Amino acid sequence: MTKEKREIIIFSIFTLAVLIIPFFLRGSYYLNVLVFIGINTLLAVALNLLLGYAGQISLGHAAFFGLGAYISGVLTTRFGLDPWLVLVIAAAASGSLAFIIGFPILKLKGHYLAMATLGLGIIMYIIFNETVAVTGGPSGLSGIPNMHLGALIFDNDMNNYYLIWIITLIVMLLSINLSQSRIGRALRAIHNSEVAARVMGVNARILKVQIFTVSALISAVAGSLYAHTMTFISPASFGFNFSVELVTMVIIGGLGSIYGSFLGAAILTVLPEFLRVLQDFDIIVYGLLLIIMTMYLPGGLINGLQKIVEFAAGKVGKRGGSGA
Amino acid sequence: MDNSRQLFQYILSGLSNGAIYALIGFGFAIIHNATGIINFAQGEFVMLGGMFTLFFVAFLNLPLIPAIILAILVSTIVGIVFERLAVRPLKNAKPLSIVIITIGASILIRGIAMLVWGKDTHAVPAFSGSNPLYIVGATIMPQHLWIFAIAVLIIIGNKIFFSYSIIGKAMRACAYNAQAASLVGIDVKTMVLFSFIISSAIGSLAGIIIAPLTMTSYDVGIMLGLKGFCAVIIGGMSSGLGTVLGGLLLGLLESLGAGYLSASYKDAIAFIILLLILFIRPEGLFKKKETERV
Amino acid sequence: MFKKVFGGILAMLFAGLMSGYVFAAPPIKIGALFSVSGPASFLGEPERNTAKMMVDEINKAGGVKGRQLELIVIDTQGDATKAVQGVNKLIKDDKVVAIMGPSITGDTMAVIPVVEKAGIPLVSCAAGVKITNPVKKWVFKTAQNDALAVPKIFDHMKKQKITKIAIVTVSDGFGSSGREQLVLHAKEFGIQIISDETYGPKDTDMTAQMTKIRGSEAQAIVCWGTNPGPAVVARNVKQLGITLPLYMSHGVSSKKFIDLAGDAAEGIILPSGRVIVANQLPKNDPQKKSLTNYVENYRKHYKVEGDHFGGHAWDAIMLIKEAIERGGDSPAAIRDQLEKTEKFAGIGGTFSFSPSDHAGLTSDAFVLVKIKQKDWTLVQ
């Protein structure tokens, strides 16, 4: 089986699973959890393009998520614009910001890039928090309308599930394609050694800015969807903590793996549920998880999972071989 | 009230805060220069210094000076454990992993502090009273004088240590080129450990002397750590005068910005300066330009 | 030997049957959303503690109408996303009949659409005016409105002939709501706000803002925030040699503030619920019994004094309990009975809800207190 064929099969199975799951969860709380997993997957995939493909750190991605959410929230509540139009504006605005800031910021490397993106995130957070007249400030912005499609209003978990997951699936498919395209290979080259990539004729600078822009754009789409699903937003959801959470999703899932991003997003979304029994100890477990996962499972969970599957498949294959 | 007195107060307050940022900044510089790592958990050592001092004074009823010494010792031990368990096992790790691990460590240390000491903020008694001193109409706390004095002592100490002691020179050699240093017989690993010891000691000392002003709680280290980082970036990652100037400049701009522009964006000012410096002069304001090594 | 074992089994069976009989009815599930961790943990922690303590107490006393209460607490961390996830779990997974909290206005605004749609009564412990204004069918609240606290302060200023003030508010939900009310009410008291400053919730130095105020013509300073910020403000005021009268909000009405501000707390005036001056109240005060009970009880359980914030949860659980006792345990019945609550003397004040008022308190929910010799004294 060629690699390409295998990718198609995996993606089809994944899509099918995503599309039929709601029928088993009608009216259930888990459907609501899956809606949030969808939004987080979108964000994790976006960050993974930057982190996993191009190897560039961002500790400020919550800023783009927040920008998307706030542009959507403000334009719909204060100017009565259509949610779909606003989603496009949010994506464009966030992408433009990333494009402009991308040139100076992506010149930086490693720790410096981490700190600069962190600074960017904090500045954006302060803006959300302090421009009270526009954003409603720290007590938030309420009354954001739901998305709609003609007469269909996305005001319940079932509808939101399909809205968010269809967009997430499209983004996942595009990202998988991207990784196998020329651009994906160039990005991986940058990831391994930027100098070598440049020598081979990859325009690293432009490419990094482009991927940063795409990543910010997708994050803003996620932010817009989040705002229209929640109908309320406040700055606390877009702070440094959430930026770290996003990076954690990507790392725990597996750098460079799109399904890994889904896995990481799913785990971090339901993790508080499991940690609840620990009460105040949850923050310690979270810190420990972060350290241990990074130290001992640098490939992320998806890598571990793959190894198990391959191991099992190898065994089955051998047994089949001897039987024939 | 006349304007010049107002201005003088802004300057004095700004410099006082700036000295705090500089003190915290040293810790970043020392680890970075020895290892190339930026330790996101640096702010937590500032918190530990204040919290341990409070713990020893309030719960074990120790006098202030032994409490301070003990607090520095214990914080340093935390630093050693951190280096041993989380930093040393990493071989050729990517910056991304190191960033995440130090962030994880800071979450962990903060979490443990929260469980042990609770979520409340605590007041710490000042070293020499809490009555303000008047300098030409502007006021300053006696504690600020302590901060200035200790900042000066640390600069002198650093200068002597890194320029004249064998270990200090060896650490500088590692910072310059770890491979070459190990070729001439310097134990790079030990030097990394030393850098963690020194920086956690300085970090906790900074936390101790500022706690009477800022008060202390399990999460006080986050913002202070970030401001210290801004200071050290302006100062070009120097473990000496550069960072002090960086800290003072940052404190001054913050204070003047809050006074004459808008206090709401005080923190934004610090980070905008951080971004501008990183964009325009990543080698810091006070350093000669060096060519970047690949 | 055999006899003993057999007897034991019989006894166990019997005990099982008995307990089965006593607990025949399943417990009534009450949900709670508190910001136990995160920046607003100073609210969420005493609220959770109080709610747990009261539910235990109610259950020990035989429950509500013979049924036990089951409390399910979810930590929102002060984050709207987690609050919405939490409220969905409480409603759809745990199937609670009523919810108390969230602790802060932002979280409350985030969960309102969910509870309104699901038809579950929510008794918020947050202070924001917009929670119950306009009135929402399923939403009530126990924390006193800032709109009640501000006139208390301005009234006092008017008597002191203060007309020009400086305000310094924290840039979080509590501070921005306070700032809004300060600006809104200033005019009717003939007060002019000539300096309007803010600070960040984690700021450790406010000398710049205070220097600016020192240079203005303000006759008094109002600071609106929750610990530790206002303690820093009080210290900075003293440090800069400012002698203007300093007013604070009910956000600092806990002993913790006096500890933090130290000498600088002396002379500060603030509006507060009666809980901190419970023992100074006259005997005929309707709240006296609830207040002294609560303070004592909390100290017994948690070694510290029960405060103003935990009181919001006390009021919430007791209001829900009484509503169940009067009506039934269906969400709709609880809501209807909550709305009929009249003269419930709780911790935050004496509550009377009506179809047009889901906040339930009047300005007498606040008293003005002054800090003297590290303790609270009632200002008359």
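In this document, chain identifiers A, B and C correspond to the written order of the chains, with residue numbering beginning at 1 in each.
Here is the rule we go by: a contact is a pair of C-beta atoms (placed from the backbone, for glycine too) under 8 Å apart; a residue touches a chain by one contact, two chains touch by 3 or more.
It should be emphasised that the depicted structure is a prediction, and the values quoted were computed from it without experimental measurement.
The chains touching subunit B as well as subunit C are A. Chain pairs A-C and A-B differ in how many C-beta pairs they share in contact, with the greater number at A-B. Taking the mean of C-alpha positions as each chain's centre, the chain lying farthest from the centre of subunit A is C. If you average the Cα atoms of subunit A and of subunit C, the two centres end up 36 Å apart. Centres computed as Cα averages put subunit A at a distance of 33 Å from subunit B. For subunit A, the set of residues that touch two or more other chains comprises 130, 280, 283. Each of residues 37, 171, 198 in subunit C touches at least two other chains.
Residue positions of subunit B touching 2 or more other chains: 114, 264, 267. Considering their complex, residues 37, 41-42, 45, 171, 197-200, 202-209, 211-212, 214-215, 227-228, 231-232, 235, 238-241, 256, 259-264 of subunit C touch subunit B.
Subunit A meets subunit C in the complex at residues 27-29, 32-33, 36, 129-130, 132, 137-140, 142, 155, 157, 226, 230-234, 236-237, 272-273, 276, 280, 282-283. On subunit B, the positions that touch subunit C within their shared complex are 1, 3, 6, 9-10, 13-14, 16-17, 114, 119-123, 130, 132, 134, 139, 141, 210, 213-215, 217, 219-220, 222-224, 254-256, 258-259, 263-264, 266-267. The residues of subunit B lying in touch with subunit A in their complex are 32, 36-38, 86, 89-90, 94-101, 103-112, 114-115, 226, 229, 233, 264-265, 267-268, 271-272, 274-275, 278-279, 282, 294.
Chain contact summary for the complex, subunit C toward subunit A: residues 36-39, 74-75, 78-82, 84-85, 88-89, 91-93, 105-106, 109-110, 112-113, 117, 128, 130, 171-173, 175-177, 198.
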